[in-house]
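Heads up, the next two complexes both have chain A, just with different partners, chain B and then chain C.
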Partner chain A sequence: MKNYLKATTFLIAAALAAPLAAQQAGGRLDIVVQPEPPGLVLGLVQNGPTQLVAGDIYESLLRYDTDLKPMPGLAKSWEISDDGLTYTFKLQEGVKWHDGEAFSADDVVFSADVFLRETHARLRASLAHVESITAPDPLTVVFQLKQPFGPFINAFETGTMPIMPKHIYEGTDFANNPANAKPIGTGPFKFDEWVKGSHIHLVKNEDYYVDGLPYLDEVYYRVIPDAAARAVAFETGEVSVLPGGSVENWDIPRLAKMDGVCVTEKGWEFFAPHAWMWLNNREGPTSNQKFRQAVMYAMDREFMKDVVWNGFGKVATGPVSSRTNYYSDDVTMYNHDPEKAKALLAEMGYDGEPVRILPLPYGETWQRWAEAVRQNLSEVGINVEIDSTDVAGWNEKTSQWDYDMAFTYLYQYGDPALGVSRNYTADRIKKGSPWNNVEGYENPELDKKWAAAAVMVTPEERAAAYAEIQKEIVDDVPVAWMQELTFPTIYRCDVKDLVTTGIGVNDGPRNTWIEK
Partner chain B sequence: MWKRFRSNIGAMIGVALLATVIVIALIAPLLYPGGPWQMVQRPFLAPFSVDGLPLGTDTLGRNVAAQLAYGARVSLLVGLVSTLVALLIGVPLGALAGFYGGYVDEGAMRFTEFFQTIPNFALAIVLVAIFEPTLASITLAIAIVSWPPVARLVRAEVMSVRTREFVDAARLAGLSKPRILIQQVLPNTVSPIIVMASLMVATAILLESSLSFLGLGDPNAMSWGYMIGAARTVIRTSWWLSFFPGIAIVITVLALNLIGEGLNDAFNPHLSRKGKA
Partner chain C sequence: MSIIVAILSRAGKAILTLLAIAILNFFLLHAAPGDPAVVLAGEAGAADEQMIEQLRERFGLDQPLYVQLGKYVGGIVQLDLGYSFRQGAPVAQLIAERLPATLLLTLTAFFISLILGIALGASASARVGKPSDTVLTTLALLFYATPLYWLALMAVLVFSVWLGWLPGFGYETVGAGYTGFARMLDIGQHLVLPALTLGLFFMAVYMRMTRASMLEVAQLDFVKTAKAKGLSPREIRRRHILRNAILPVVTLAGLQAGQLVGGAVLTETVFAWPGIGRLMFESLAARDYNTILGVFLVSAAMVILFNIATDIVYRIVDPRIGARA
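Right after this comes the complex of A and B.
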């Protein structure tokens, strides 16, 4: 058996190493987009559906593989000085905007220093570490940092730093520029038309700077509001790609079993969506550390993963996703142990005070998940009720801190300093916002460690610092970590090279081709 | 009267069915002490595929039979209580309007029409959405949308009864108006109200199921509508999840309708649709 496995591994390795079958050019790809994006100018809007579509139109300096290693994008090479303070990018030659204007280093400086500083809150936080952005020549951009900031290398992803055309936006009101109706980027596909409620049509960029790319002639993003109708559209061949989250989890195995259908969990590494329940640290039973630990032991999270999520994803061990850099598994493991949960509850003297669970209003899966948690908690004697909710109500209750336990999930963007620490440091507590440190966790000691770890120079130092933080915070249970989510992409197997990077379908069609 | 009712086969079938449902609802905690939410087996087990789970399991591996039994409690409770509340609003209002006439009648009927012009179900959805879905708010919402027909029925009955000779006699005997209304007139309107109430319970059960189906049910109460709503997304792969609660609703509503018709025939022998006993 072992030999057989070895042989198979060898064969697979050989197959991967061999030159791929010749890619075939031409054809059209139909992809579901759900829900319809509010806009396509990636510098202005960065929600999920916008990133999915606009990731073909706009580009950034780098791309990231599924291990989050940087790859060339608009920059063909880059260099980080030994002190971690100077990032120098050499740009691709012969790049043109979709309207024919030449792209240059000035566009990059304008985008990062002017446009995105104004419009992109998440990037602005990273840019706070930047002293200056300059273009010594038309093909070189230099980012000079005030202090070392390791995660900065992850800031050059399309949705994080989309490069916007300076010749169109300079000196205008960005949000109300009439050019927003027809987005202009440098990407492999050009915007053609958007029929609201029906589809967005992109066509091949003939002048793309990589020879031979893209292979496809056109891409249609189809808007289909009902989950069951999306599944049917895929079955009938009307669409060939269902990006993650397009259909209910229960439908995935059925679709995956169909002939000529492929499923991949890859393509979410950069985002690493991490799901947890905020436990209100301010008041009620959830303000007691023992109660929070009891909640962790009471839950059978493996069961929830297998049943509620149909086995997709991985039980979370702590605040950092195993797909994110600097993950450490040297932490207390909260396995399903009702006896231990009961003991902890007895120790704290839990008096049966009811706690409310607020599910995420994103459909059946989340409702069932809350029901499973309620059942597990009631089995160890915790009194639980589920609050009913809609999107507005969820926003209101979480941002006003009117909850005991509330489901949520957030992206991690490859680095704890970008997507993890924001959920646990005291400076990110802000009433009125349903993001970041909503649980109200305050730990000044850890705050200092988070801040220090972000600006350490070498990856080794950072790894050690984050390992220590993870060990400490997992014992505190500021939130109940549930699961590393994966949203499987379902596609027809004749669609090749669809998911090749850490952001999956968002920049998929660049390399995609259809086997005839 | 009871004899007439008893000889009506349809009505007796209705009584038998309803009694079965009521018994199941009452003994649900004895049959399934773990409650309707307990995850007992693998999810999506088909009926009769595993011993002890004759109706299979749902999306989380919960026992569908237990859910049905507990769902009966919620459905019956909501049906009965909301009908009672609707009667409490509708009967006095209709009685006052019919008995006193004039401005009282005008005012009460305009108020009633105000409710009648809004589609029942739409109003119920709005009310539940505003109050947040709990068993109490759902029951109240159903009561609020279902009292207007009661008011109109009682008004019409009272108007016809109050001109009878025995009412004149009571007036001559010096009884006060409220006393005449309560002691003489209302008792004579009871039979149509009972018939209507039995049908209203059925409508209320349907309304509650429709609300739960749309996700506006109480998330902490297992009801038949909730079961169907939760099974909607898997209807193509797991038919039993929506089929059994659907059957339960049909049986209960049918039983109540049969009983209502039986009562109607029993109270109004002249209008009886079936042949005489």
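Right after this comes the complex of A and C.
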């Protein structure tokens, strides 16, 4: 009651003081970036920290809301022909590059057809469906597809198709262009300075083509290498935003309880990070389907979510995240059932052969997660050894298939054809890369279904096809699906409109304003 | 004259040692699992063979190991530390950017620990067995035994979070735009906690060593002679005991000085100090070969340099050493 009164009084006071919560211009925002990005030219480097910082500098044709619905970006409108083959984009007028040159459709054609085709592995896969990219006039771009490819509408996100300046890069060696030291984009913020090991400074783009945006004068991305120090930096007010994953999970409840601190799990919908353990389908106990099912039943994944992840996230039901399009929950549910697991192990005649678990070397949380799995598995009689290494060693071991069970997580990019099928079809079994079918799962019938579902024209057809695939693959347990991860963003509540899109803080500062 | 000859011969050996270190490091690094192309591609969250091949080619990793080694050593002898493909900049530039911050931190810590350590050690030895001696030695033991990172975190918690007296991390106030004296003051404030944290351990070591060594020397005959000829106890301690007792401290200081470049990884990490230790650590995690090799080489050069410097200091403190050599 007392709290209620306090809250009402506060609301009334707030209402009297500021009858209209109009966005206020000005101010500076300090955001943690961790680890320090290797570079800021988004067309060349697409790792998480680079996307976080460069998402303010570069833009793509579209943006996506938290339901993954496209919104205008550099394109003010777009149209997909009924046969799903022609994507026509009308571009914004009066857009300028940060160096003052005019932006036009030629930049888009150059970026997609020349620059990114050479440098961007993930986009290259989508561009394989594209017949031609043309600019009939300076404000129109047309993508002509070879066959319908529904997920193509998700390819126009900043990190997926960052538009690069043609006048700077045409005819040069992109990776070694001296201009890479000062990235030039069309975005709401311009690059000012990068003090290595300390911070990256962006300043307001006064010529931004959306009137009134951005509100902030400047953004500082602060490099603070120690997780505990990042928490302290937030507590002392040195930084106002901790993007997802900046602090260890057990620090989140403490920080969230502080006065004037807000937490949101939104802003990861486009990526929908999905965590699982690869189970080596080629050899050892994990090559037996019954063993893999036993692993699923043996694990108390709800408990792991609550304890290891402090309750953030959601237990995964299968290969597709519930935040990704075409998710279906009509699948076998693997609840915690040690007896069933023991029965399956007895049925297959498991002889106690030890299995190695390779945790992801991304900090304490992942180490503890592996320990929780070991605990659960040993309860049903599976012998487990934890095999720890660093990031480079993890990459090496997984891409050379030297593991029994290995933790990983991957982004889904809004569509199963972009972020899911790549982990399960036989044509994606290739040594030397940890982002494909590393587990070695082979199911020719499902391969055909994955391929067909990607190129169906209507969303209804696709939904039905993916539902069928999910139902079948979940019984095979090619990998042990663990959890839909969420990385909560922690920020001071006077920072408004920080997370408004499906990529969260990556393009957040565009609309952010600070209440004074 | 003998000093110059000694230095020249040491310098010759030093260059050979450095080359050997470079080659050894090269093989050690390449023996570690993983390579920079896979790490870089891995961070992108998606990669195909074409991407990995492109990266390997760009990094020069597609060539046989002996060719890579040849190129690297060829570069070093021309004082070219190579190029960091990950960061898109020459290694020498990356190191030069970070070196001042590290030297500021480690040199401050070095002098704090040396001066305070010797002073406190000397004063403790003069009051041996008294309460003040007990307090000092206990404190020294505590600092000696406490892990550095814990001390660092506690210092931040107390002085930065609770008391709000000092900034908890960083090199200077970001975006404040200070210049001149204001900037020096600002950096100075940021320097206090990391320099103290880093310095306390060595201060404790120097203190204990000075104290023990002085007590030992105080038993020797020439001290009795000095007493007998009527010198004041103060004079005896300063001119006779301390000067004879300081050699082991100099040895240890030489060792600490060798770590001036690479020895502050933990402190730099906890305090977000933009120094070279972090550059080394992060490059190692990313298998950024050229950068790590560059940092290792610079560190090795520092160690050798300070070893030579220590030898010279020996001769100054104790002229007998040069005469015997």
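Definition applied: the second predicted complex is superposed on the first by the 496 of 516 C-alpha atoms of A that agree within 3 Å, B and C clash if a C-alpha of one lies under 4 Å from a C-alpha of the other, contacts with A are read in each partner's own complex, and residues count from 1 in each chain.
Rule of thumb we're sticking to: a contact is a pair of C-beta atoms (placed from the backbone, for glycine too) under 8 Å apart; a residue touches a chain by one contact, two chains touch by 3 or more.
These numbers were taken from a predicted model, which means no experiment stands behind them.
*Asks:* Between chain B and chain C, positioned on chain A by superposition, is the outcome a clash or a fit?
*Replies:* fit
*Asks:* Just checking: does A:Arg374 make contact with chain B only, chain C only, both, or neither of them? Give me first, second, both or neither.
*Replies:* first
*Asks:* Just to be sure I read the superposition right, which of the two partners does A:Ala121 touch: chain B = first, chain C = second, or both, or neither?
*Replies:* second
*Asks:* Using centres of C-alpha atoms, tell me the angle at chain A that chain B and chain C span after the overlay, to the nearest 10°.
*Replies:* 40
*Asks:* Of the partners chain B and chain C, which touch A:Glu484 in the superposed model: first, second, both, neither?
*Replies:* Neither partner.
*Asks:* Identify the partner contact of A:Ala227: answer first if only chain B is touched, second if only chain C is, both if each is, neither if none is.
*Replies:* The answer is first: A:Ala227 touches chain B but not chain C.
*Asks:* Tell me the contact category for A:Glu269 with respect to chain B and chain C: first, second, both or neither.
*Replies:* neither
*Asks:* So, A:Asp56: does it touch chain B (first), chain C (second), both, or neither?
*Replies:* Neither partner.
*Asks:* Counting only touches as set out at the top, which of chain B and chain C does A:Trp435 meet: first, second, both, neither?
*Replies:* The second partner, chain C, only.
*Asks:* To be precise, I mean the smallest distance between any C-alpha of chain B and any C-alpha of chain C in the superposed model; what is it in Å?
*Replies:* It is 8 Å, taken between the nearest C-alpha atoms.
*Asks:* Return the residues of chain A at which the contacts from chain B and from chain C coincide.
*Replies:* Correct list for chain A: 228.
*Asks:* Give the list of chain C residues in touch with chain A in this complex.
*Replies:* So the residues of chain C touching chain A come out as 32-35, 38-52, 58, 86-88, 94, 97-98, 101, 153, 156-157, 160-161, 164, 167-171, 174-175, 268-275, 278-279, 282, 285-287.
*Asks:* What part of chain B is in contact with chain A in the complex they form?
*Replies:* Where chain B meets chain A, its residues are 37-39, 43, 59-61, 132-133, 216, 218-220, 230, 233-234, 236-237.
*Asks:* What part of chain A is in contact with chain B in the complex they form?
*Replies:* Listed in rising order, the residues of chain A that touch chain B are 227-228, 248, 250-251, 254, 303, 307-308, 359, 364, 367-368, 370-372, 374-375, 378, 385-388.
*Asks:* With touch defined as at the start, can you tell me which chain A residues reach chain C in the complex?
*Replies:* Within the complex, chain A contacts chain C at residues 28, 30, 35-36, 38-39, 45-48, 121-122, 124-125, 175-176, 180-181, 195-199, 201, 218, 220, 222-226, 228-229, 232-233, 235-236, 238, 389-397, 399, 410-411, 422, 430, 432-435.
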